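Structure provided below as structure tokens; questions to follow.
A, B and C are the chain letters, set down in written order, and residue numbers restart from 1 in every chain.
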Amino acid sequence: MADETAVCKEEEALLPAQEKRARAREREVPVLELEGLSTVFPTRRGTVEAVTGLSLRLYRGQILGLVGESGCGKSMTMLSILRLVPYPGQIIAGEVRLEGRDLLKLPMREMRHIRGKEIAMIFQDPMTTLNPVFRIGDQIRESLRIHGILDERRWLPDRTRRRREWEKAVELLREVGIPMPEEAVYRYPHEYSGGMQQRALIAIALSCEPKVLLADEPTTALDVTVQAQIMDLLRRINRDHQTSIILVTHNLHLAAEFCEEIAVMYAGRIVEQGPTADVIRDPKHPYTQGLLECIPRIGGERRQLHPIPGNVPDLIDLPPGCAFAPRCPHFQEGCLGHALPLKVISPGRLVRCILYY
Amino acid sequence: MQQAVPATGFAAFRYVWGIRLRLWGQGLREFLWQLSRHPTALLGLAVVVLYALAAIFADRIVPYNPLLGDLNLRLLPPAWEKGGDPRFLLGTDLQGRDLLSRIIYGARISLLVGIVTVTISATVGVILGTITGYYRGWLDDVISRLADLLMAFPLLIFAIGVMAMMGPGFRNLILALTFKSWVEFFRLVRGEMLSEKTKEYVEAAKAVGQSDLAIIASEMLPNIFHSVMVLATLRLGEMIIAEASLSFLGLGIQPPTPAWGSMVSDGRSYLTTAWWVSTLPGLAILVLVLSINLFGEGLRDILDPRLKIE
Amino acid sequence: MRAVKVLERILITIPIMLGVATIVFLFMRLTPGDPVDIMMGEAGFVSEGEIENLRREFHLDKPLWQQWLLFVGGALRGNLGNSYTQKQPVAALIAERLPATVELALGALLFALIIAVPIGILSAVKQYSLIDRLSMAGAFVGISLPAFWLGIMAILIFSVKLKWLPVAGRIDYQAGLKVITGFYVLDSLLTGNTQALVSSLKHLVLPSASLGAAMAAIVARVLRSSMVEVLRQDYITLARAKGQHEFWVVMRHALRNALIPTVTVVGLQTGVLLGGNMIVETVFGWPGLGRLAVSAIYARDFPLVQGVVMVYAFTYVAANLLVDILYTYLNPKITF
């Protein structure tokens, strides 16, 4: 049987756009690559395996969605990338490569150069993520100062540099769509609305023109209408600056609308990955199928919602094999054997399930 | 067939309180179990109990009369020092009085002043706080203003002022200390009343037709009880130190009644030669207050670690 | 905007000061016993005429509300009456002793802050480490210590046994200090008198430490717990994610927030400082307001006691006012 991946160039032009991009990407070097990342938390009851053997590739200008329920380890993955895992957790295995350099091996001094400059992160609840005692403009300026963005001519006196910092801050606020940025820049976080705060956070993240933006549930704490605005903003940034974005969310629909590629996580592992349209139209992993089944859809046919039976497993000392097995309608012998790796079933399409072996 | 729950009258009252007491008993057992997991709090409690027992049975356990001294035996060092006499474990003071006996008797005064002061302050504070917190109105305004004013005085300054005017002595001491301390309890209870009042169970009780007094007594006070207990324990140590300080200045308990503060003051003049006369009573204070605070902290951890009382 | 808030706070203290003065006044007048009798108690047989004179001199013959007006009016003009025993205006006596007390209070405050702030920060950053446990244990003992006993023990150890520091007083007479402001440390600096400087500092150490110990303990505890709370917050994680150095994360982002509740506690603790002031001055023979108060009380010198109590109360109110103002600068969220 012919190898599915060896298609000649003429036929390539006829493939759907997403798959075309996927193949093109395989020839590129990813801007961010995670390989076999594992992060654990030792606790009194046992070791919480928050992230296990996670591998991911993010290309330039790509928007990747990391989807999963609360507690599946997606936030911890993001924190692991920046080595911000809170004590007592630690990264015990794997590599995180930014344009080829392994971040996990860097001395902290260099890691700090990466944080905020090469890779920036925005968090879930903007009200608690902004420092309440500093003005928004000051918080933006801090990023600029840390990474010496406006420092090229060191002989510039302090006052000039400060003025330029404020100007840049106003510019950034304008770019993220905050009205009257010249005044807004002197305000405190509590004087902003939720949506504005999140925009301000995005402005801080953008201040050093990062290559990668890690967006951890950026719209979860916001109203639905504001959600759409923020997502538009992120889309625009991705387009204008070619910033790669990893969007972490539990909202599959949000990911579907926004991301080119989706990776579904369960219990610390990726269970399915692929171009968005494929994954949504034709979910391969039973968990993904279950997720799509239990989300109501407006405008579609009326059907019954089927919640996935059972509960999300406790991440302490997971049993060997597939973590989803106890809840899986296709459960069979062999599911609880040893853990299966992700299988490539077509270019850019991966599943971790015994059904596809 | 299930036993019918009485709906009205005395039977109902008894039924409800039967359940309440049983829950309370369970709560108590839970509390004691929690306490056993806090070794420092237990240590504190044990020491306090020791002091209390010493104070109560002072008459019987004291080796010598604290008020009478043998001038031939004055300024004897403690038994373990050179020149010490094993009959006088902690030595004697300038008038030949046994220090150990005096210290034990001193516990009486300190504990008595401390407990009485805190109890009265707490009671006054709770009553006023409950009334103003629940009913508000002009009474609330007046008392709150008064409380604010009293807060403008540091405790010791106020107490000294009062003692200066009214003269020293046990009764005036209690008065002086209480007069300033009730404010803290008042503020605490009033604050809690105000926040509890907005909670739903009060609405529910009113909807059922319970009288105000019943609501306050049965629903709200138990919740406030915890905070009051913690505050009382934490302030007990402060009161004891305040009493000792006043006695030290000669404004508190008057001689010849043995009070730790005045004992320390007496020993000052011959600090170089007879260090024990000042040191040991002060040490007694330290150990007692330390134990009270240990217990109080443990209490706070158990009852509500989120309470921010400093 | 802020200036308005600050002005508001200042204005509110005026009725409070008035209330304080009134309470002090009432206490003097409403205590049992005729003040003249108490004054005259020691003097033996006194003629009717002298008693009358005395009454008139201290306005005791007028109705209560008039006395109150006279009292308040006088106080506003700086006239706090005359001392019974020292035959001088109370205000003058207080002014004479004030610098000594202020110097002591500042010394204690400095001592407390220098010790408490680094310890509080360090204990929070290295939570549960040895230094944390030791510091908190120490702080715990610190809040259980009676200040007068601590002072006496300090004297016993450092003055008597080790002979490092002097026992009592403010300065050695041999230093020959020319007093300008009344603040001996300042004066020795101003007159370039190093011997006096050393002497005054040596005399200041133990009393400041005794007075400041309790405050240090409490501030350390509160600062630590605020810092621990703050370090858990999301904005600290963001600060790190921005690439900020850990030192600045702690000192800029965390500390600014943690100071907010701490400052309030410091304000309340100044009351303890003022109260303990009397005791420490007595223990160390420090010639300040506290000792004046104590001797005035012994002598039943009402106007003097009254004056001193008022000064103390006012200072406390002023200190809290300062703390409030500081608070408005630290915490941008508050609205009045």
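Everything that follows uses one rule, which is that a contact is a pair of C-beta atoms (placed from the backbone, for glycine too) under 8 Å apart; a residue touches a chain by one contact, two chains touch by 3 or more.
Note that the coordinates shown come from a computational prediction; the quantities given were computed from them, not determined experimentally.
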Overall pattern in which the protein chains touch one another (line/ring/star/complete/other): line
Pair exhibiting more inter-chain C-beta contacts, B-C or A-C: B-C
Chain centre separation (subunit A, subunit C; CA means) in Å: 56
Subunit B and subunit C, separation of their C-alpha mean positions in angstrom: 25
Footprint of subunit C on subunit B - complex, ascending: 145, 148-150, 152-158, 160-166, 237, 241, 244-245, 248-251, 261, 264-265, 267-268, 271-272, 275, 278-279, 282-283, 285-286, 289-290, 292-294, 297, 310
Subunit A residues within the subunit C interface of the complex: 79, 82, 84, 86, 112-117, 120-121, 123, 125, 128-134, 142-143, 146-147, 188, 190, 201, 204
Touching residues on subunit C, where the partner in the complex is subunit B: 16, 19-20, 23-24, 27-28, 31-32, 140-141, 143-149, 152-153, 155-156, 160, 218, 221-222, 265, 271-272, 274-276, 278-279, 282-283, 293-294, 296-298, 300, 302, 305, 309, 312-313, 316-317, 320
In the complex, subunit C residues that touch subunit A: 233-235, 237-245, 253, 256-257, 260, 330-333
